[in-house]
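Both complexes shown next keep subunit A, but they swap its partner, so subunit B is in the first and subunit C is in the second.
Showing the complex of A and B:
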């Protein structure tokens, strides 16, 4: 039943897409490989779970989790990115990795290391199209991911705000001369990136009905792989990379077994890097700027 | 003539290196003022400090009667103080039209912006024909025209140009200085930093020579052009040789 596996792969890929877009916004606009993103993914899932556990309506719980991720992203901007901007690019990379460790361990202290059961929020209905079965949560994931990606793409390419952001991506000094408010827009990019990631975490919880302090790691690395596969700094590249990795993962589990899934996923990345080092949608030699 | 820009005792320093030393300069409304001097004399620092890109250590900048020393870049742009930076700084990943639109991002009259963009395409048909192409396809001269166009769309009252002729072919340099005259006739005051001393003196109403962050000579361009010290230092001619313009 290969068609069914393709559907499942696309749905899983939708979650990778959100994480990959988050990475690509950060590296394409800010030139910052933000390793706190897997932590924000976890914050999205875990905080939603905690707030629902405290009796909040699920809508408010998701809103609270996204807001929490946004606040953490602002802290990363202030404490990690802004302080070490003028120095080596590796410095904020490593200190953002520190935020990931910090977030994971805070969650560990607060909730323990066990997988926690996440309530089924999307009614357990299945859409049957011909012989295909599409789950409700899967549909929600794909719809949310696609809507967000189309929205960000339109804002970046068509609006004044988008042009200002792309000016910052190309040259921050030029943006300052043109009177663009860099000091306000850069934290905005951090928040936007956090919203994408945290919603990815919520969708993950919605689909797999479980959360844990380390839920962001596997997805985070696949998100980086998806971004590189698609071409760094390209939003549609991140979409293609995310979907491709989701498909590869599901097909590999079905036909080759769960043991080799990382071999096929990262093998695919390696093969693309050898054949097309700039990624599928990337432009050599300079990185594409959104 | 009324003073549009009044710079008084302006000092700029980068760490321990002083770029401008208590410099004072008045730019009359409707005039063209040329700033001359060797590399590192402080010309670009002066323009950047006036544009608000660099914070001065001391002194005042008064534009149109208002003290703007503490104002940010957007406030200065909105007031009509616009810089065409050194090296043009075109955004090559954006299209030509997007570059113009970025220059207009502080304006709140979309119809007026569209009219002004159409006027720029009339003036520079090469830009209009390729409006939806990436700005990286433009030659150096066309990029300079786009940089001036991007400044025009911000509706300057004082246009500051930093080394606009740098790297251009003689033909484009001719176009550029004709354009500067034209913009000035339209009522825009110009503060021009140039290495191309002869051309700058020919177009200016007033000129000043900077050396190590200080004004060492100032006055009538024709007189300065004939000054043997300037000839020796910046025009590459021996003292006493006649100063032929153009």
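Showing the complex of A and C:
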């Protein structure tokens, strides 16, 4: 029983991982708490659903949704981030929140506020290992999340591109002086974080077989919690945080009841923030860098 | 005044009170993403006092504010160890936890909500808002407001000048929580009902939005921001389902064109600012008021 709940928690955590990595890229490299991410998550799920409804192949539909999220992220970069770089970090936060409101209400106008049934794309097979049951969609989520995280982590730590990105996180001015094309890399980071988030939204839809204009909020805020828990700016911290939040959520639903989920999840977060503000894997708070 | 107009004004009042609760710590550079938690504390405490202890509204609402303040004081000390965005996220977690605890507290009705027997009419709400506004204006003329601005501009220098930065920050967060608690208490007594679901993250974040949109340079910013957010969706009502889309586009547009907020420090401060701009400018990444003025003049 408990092993099964652990498995379920890890699978739910996989989706939080993608959102948390997306937040951590944005805050770790750009020092920008990007509140449009829950909106991009919703775009991932909703646009896939809309395109499948139009008769597109599911692969193309997912591709379309990711592309849509990328375009929105570019708009966020242009209108929220770039316009207010040198000012206080709170300012782009407001206008990225404006994008969240915009996306949710566009979806509301387009599709209504109801939960929409998402087609079951992953054949309904269950993997049985001993007494454990793992659903097909759950396996796909975990595999996709892990692949993406390993890929981004390798790119950031091993390649020249990754070194350039890390140098922006270290000091933007120095990066510019050293000839790094910050103006091209920053939009790239936005697109990358949009891809992660949108795929998270698609996986959420695959697992729960439903989408709605407000599907991003609950997951998005737990993603923020996961990012802080792991340590801001740390990719593997975001992974640990996401899995831990997923586990906490599933275990408290099982043993304490669904009502107390927010008490345990955010209580855990608060406790970590008080005892170890930099998070489990973060560096000390003097530097909010990747 | 029709029922619609007074209803709208009451909502405006609640939004403005919440905005000042966020404004005070923000004036010292602390982003409070958990104001809904303090409002919930005030709302439930005040409602409990009138319902169960038989207090009058006039006594219970300030007591609710005091409870919220006390809570802020208790958590401010560990939370303020964190800085910058960490502080904002700690308040975010705190707000979530408080709301979730009230949702599970059966003494005050749990998820079913908590009916409040005593009723505060629109007049009482208007009077309380006016009083809070007056108090904020008075406060803006004191040294305390000056300390807040100084801490926002540069905490290290402020510390070197002999200001107890930590105490001022705790004070700002606590005072903001008291105002939030007062607003929450009034809210419960006006609508005769308190439910934990109302005090969610969205409320906290939108309140921050009012304040930043209005601007934190002057004490009028939160008032203008709150009014903008309350009245504009009503003006856009003709747009039907599209009104929040238009509204969101306006938020993005305003922040792109005026990142410093709608209201900036006015003309009567200008001579002093000019004098300040002759002083050697700081090299830190965050522009102080004087650099902000120069970017305004150049029309960015």
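The rule is simple: the second predicted complex is superposed on the first by the 287 of 290 C-alpha atoms of A that agree within 3 Å, B and C clash if a C-alpha of one lies under 4 Å from a C-alpha of the other, contacts with A are read in each partner's own complex, and residues count from 1 in each chain.
Just so we're on the same page, a contact is a pair of C-beta atoms (placed from the backbone, for glycine too) under 8 Å apart; a residue touches a chain by one contact, two chains touch by 3 or more.
Note that this is a predicted model, so its numbers are computed, not measured.
**Student:** Specify the outcome, clash or fit, for subunit B and subunit C once both structures are aligned onto subunit A.
**Tutor:** On the shared subunit A, the partners fit.
**Student:** One more residue to check, A:105. First (subunit B), second (subunit C), both or neither?
**Tutor:** second
**Student:** Per the contact definition in the header, classify A:169: touching subunit B only (first), subunit C only (second), both, or neither.
**Tutor:** First partner only, subunit B.
**Student:** I want to verify the contact counts: of subunit B and subunit C, which reaches more residues of subunit A?
**Tutor:** Tallying touched residues of subunit A, the top partner is C.
**Student:** Please indicate which partner A:160 is in contact with in the superposed arrangement: first for subunit B, second for subunit C, both, or neither.
**Tutor:** first
**Student:** For A:91, select first, second, both or neither according to whether it touches subunit B, subunit C, the two together, or no partner.
**Tutor:** So A:91 only meets subunit C here.
**Student:** A:269 in the overlay: touching subunit B, subunit C, both, or neither? Say first, second, both or neither.
**Tutor:** second
**Student:** Under the stated touch criterion, which partner chain does A:228 make contact with: subunit B (first), subunit C (second), both, or neither?
**Tutor:** Second partner only.
**Student:** Contacts for A:177 in the overlay, against subunit B (first) and subunit C (second): which applies, first, second, both or neither?
**Tutor:** first
**Student:** Considering the aligned complexes, could you tell me the closest Cα pair distance between subunit B and subunit C in angstrom?
**Tutor:** 9
**Student:** Show me the residue ranges of subunit C that touch subunit A in the complex, using the header's touch definition.
**Tutor:** Listed in rising order, the residues are 26, 29, 31, 78-79, 81-86, 88-90, 92-94, 96-97, 99-101, 103-104, 110-111, 201-202, 205, 208-209, 212-213, 241-242, 244-245, 247-249, 251-252, 255-256, 259-260, 285-287.
**Student:** Enumerate the contact residues on subunit B facing subunit A in the complex.
**Tutor:** Where subunit B meets subunit A, its residues are 51, 53, 72-74, 76-78, 83, 85, 89, 91-94, 98, 101-103, 105-106, 150, 154.
**Student:** Give the list of subunit A residues in touch with subunit C in this complex.
**Tutor:** So the residues of subunit A in touch with subunit C come to 27, 31, 33, 35, 79-80, 83-84, 86-95, 97-99, 101-102, 105-106, 108-109, 217, 221, 224-225, 228, 232, 259-263, 265-267, 269-270, 273-274, 277-278, 285, 288.
**Student:** So in the complex, which bits of subunit A are touching subunit B?
**Tutor:** 160, 163-164, 166-167, 169-171, 173-174, 176-181, 289-290
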